[in-house]
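What follows is one structure encoded as structure tokens, with my remarks underneath.
Naming follows writing order (A, B and C), and every chain is counted from residue 1.
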């Protein structure tokens, strides 16, 4: 079977229209979880089926697609999804954030500032921010409807009571345009400020849970907190060991059995770009930079 | 005497008025044509055996269930309002500010996975409290008032005894200073000695906070000690109501006479 | 202060063939402020029944019972609740309290219900308990475990904690020794002196003669048919 046996971007046009309607509704009501008829995709739930369906519904033949997983373009999940769309839609792909028109992401927002005209598609495992404290879907819907969000702060209260500070490090809840409380997907809370006032369209797809929600460009997004425990976008207190960046989100990499470790940018495209521009971190090789520059 | 009159709730205007309230389950009667007024500071007991309609009535009063007919009027800050016809958002806001509901089983009224402090703080956060230190201070104060040691504030209710769970539920409900408390068998399932302590606690809180309360129970000893007024239900109907000790000491209706004479004397 | 007119009472026993037992008819009496009236009559003649109708836990069949501004026979429950809080005190023969509540708080409760500060109310309670010779070491214990005489004295202390304008006393000196009996009679005299209207049942004739200004024989109100 060849890729041409599939419709453009795998899904049939009726399905894409259904998803687009959900997306439009999501854009019209920022932060509201729109139910949609999630399809079986040729990959297991938990591998980004929600994001893939949203991407498929947004793609045009002229688009340039970038796919990242935890900031990296070269991990299994990112590679598989990129290949999937290369085969089923034959679109151009890139690893450069600035060149992409659609970026599908799992658990990160790229370091490079996004621009108008770009679409960022998030893969979402559990769209309901209230779920861990209130298991009843009927009740959580009612709470969103009536803006009863005290429970969200109970979660943060519990964090402080137990750890002395808000220990929620990812999927940190936000309030959208002063109305809906939203789960930003499991991005590190370091990325939370980037959600707000972003020039790009941000779309969130949860395949298993059959929900789509959205942030239109320049939406006001506020991370929940307490007056005496304000929100902080934290990261590891290091610079990148490869490119020396002090302001990017870092992954910790264990390098040997004797406690050796290094911190590197989780956004591989951002790191590579800095190295190419001549920035060198603690463990960065100057010749590598040379090579990249040539 | 007049020196302390100002501290007492004004008894001249009903806090809560129930008029012609009925609820049917198909052709079966849940409760039928119930009417009463409750004044500020009053505690009303509702007694009857299982199936008498007292729980259905309480559910309708507290807005957990929609009655088929009748009005349930609460004296809100903006004046008397029918809570049956008001919007759900407003009714639920009432339920977490001016009203409180104490369940028979504390598991139904507590978040078992959340610490004692978080349980007490939830209603505060629900009405907009956003200062962790203040919320915690208030939770601490309330745990003290219901006699739960301060060092248990970060423990989850799972680790508490039944009596402690019930006291925690009461603290969680009263922290926002409600004016009307619904209680469904609040001392049911507790040891007799634990019941006594809880009764004393409730009496003190009712007195200090000027609370009005509606207590559903099948325990006549509990209503004698806690309720000013009593309503006796049978088959969905109110068969008798009046001053608690009058209904218990000089019951007029055949069913009440039977109920009172059936109690074991200790 | 207390004015009873044409009062009648019957019990209907629905579970015993709906037997109707008339127990009182045409009762009438008045008690002025500062006056103590004793009810007499043999056992079962209706002294306690009359007393309970004034207190409001027995319903009157007809007639009126005026205590201050309130007609207990026709008042709403909340009016009676208010009357009992502010105006009308009652020392019954039985102590009915929440178990495990300290004696001091049991006695202070009527004052707390009136909004008196807790320490002030407890001071007053402590003074009464001392006067009635309840040892201080018992004050923090619940009276439910006390002897009959001790319970009786706790009950009296509770009844006299607030200076009610009207008081009902049901056998206040029964089961008391001479010294405590003297204290109770003095308390009654003091209450009269401050203007309280008192209606009492005293089997103790010496006590009755000392504190009562008049007696009313309730046998006059016992229905002839009974």
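Just so we're on the same page, contacts are C-beta pairs under 8 Å (C-beta built on N, C-alpha and C of every residue); 3 or more make two chains touch, one makes a residue touch a chain.
Note that the structure is predicted; figures quoted are calculated from it, not measured.
J.: Going by the touch criterion stated earlier, list every chain that contacts chain A and also contacts chain B.
T.: For chain A paired with chain B, there are no chains in contact with each.
J.: Among the chains here, which has the CA centroid at the largest distance from chain C's centroid?
T.: A
J.: Closest chain to the overall C-alpha centroid, by per-chain C-alpha centroid: which is it?
T.: B
J.: Applying the contact rule given earlier, which two chains have the most C-beta pairs between them?
T.: After counting contacts between each pair of chains, the winner is B-C.
J.: Round to the nearest whole Å and give the separation of the Cα centres of chain A and chain B.
T.: 47
J.: Starting from the mean Cα coordinates of chain A and chain C, work out the distance between those two points in Å.
T.: Here the centre of chain C sits 77 Å away from the centre of chain A.
J.: So what's the Cα centroid distance for chain B and chain C, whole Å?
T.: It comes to 31 Å between the two C-alpha centres.
J.: What residues of chain A sit close enough to touch chain B in their complex?
T.: Its residues touching chain B are 133, 145-146, 148, 150-151, 153-154, 157-158, 160-162, 225-229.
J.: Which stretch or stretches of chain C touch chain B in the complex?
T.: Touch residues, chain C against chain B: 11-15, 52, 56-59, 77-78, 80-82, 86, 96-101, 112-116.
J.: If you look only at chain B, which of its residues touch chain A in the complex?
T.: 88-89, 92, 96, 111, 113-115, 117-118, 121-127, 130-133, 135-136, 153-154
J.: In their shared complex, at which residues does chain B touch chain C?
T.: Those residues of chain B that touch chain C are 1, 4-5, 7-8, 11, 39, 42, 192-193, 196-197, 199-200, 203, 207, 224-225, 228-229, 242-243, 245-246, 248-250, 252-254, 257-258, 261.
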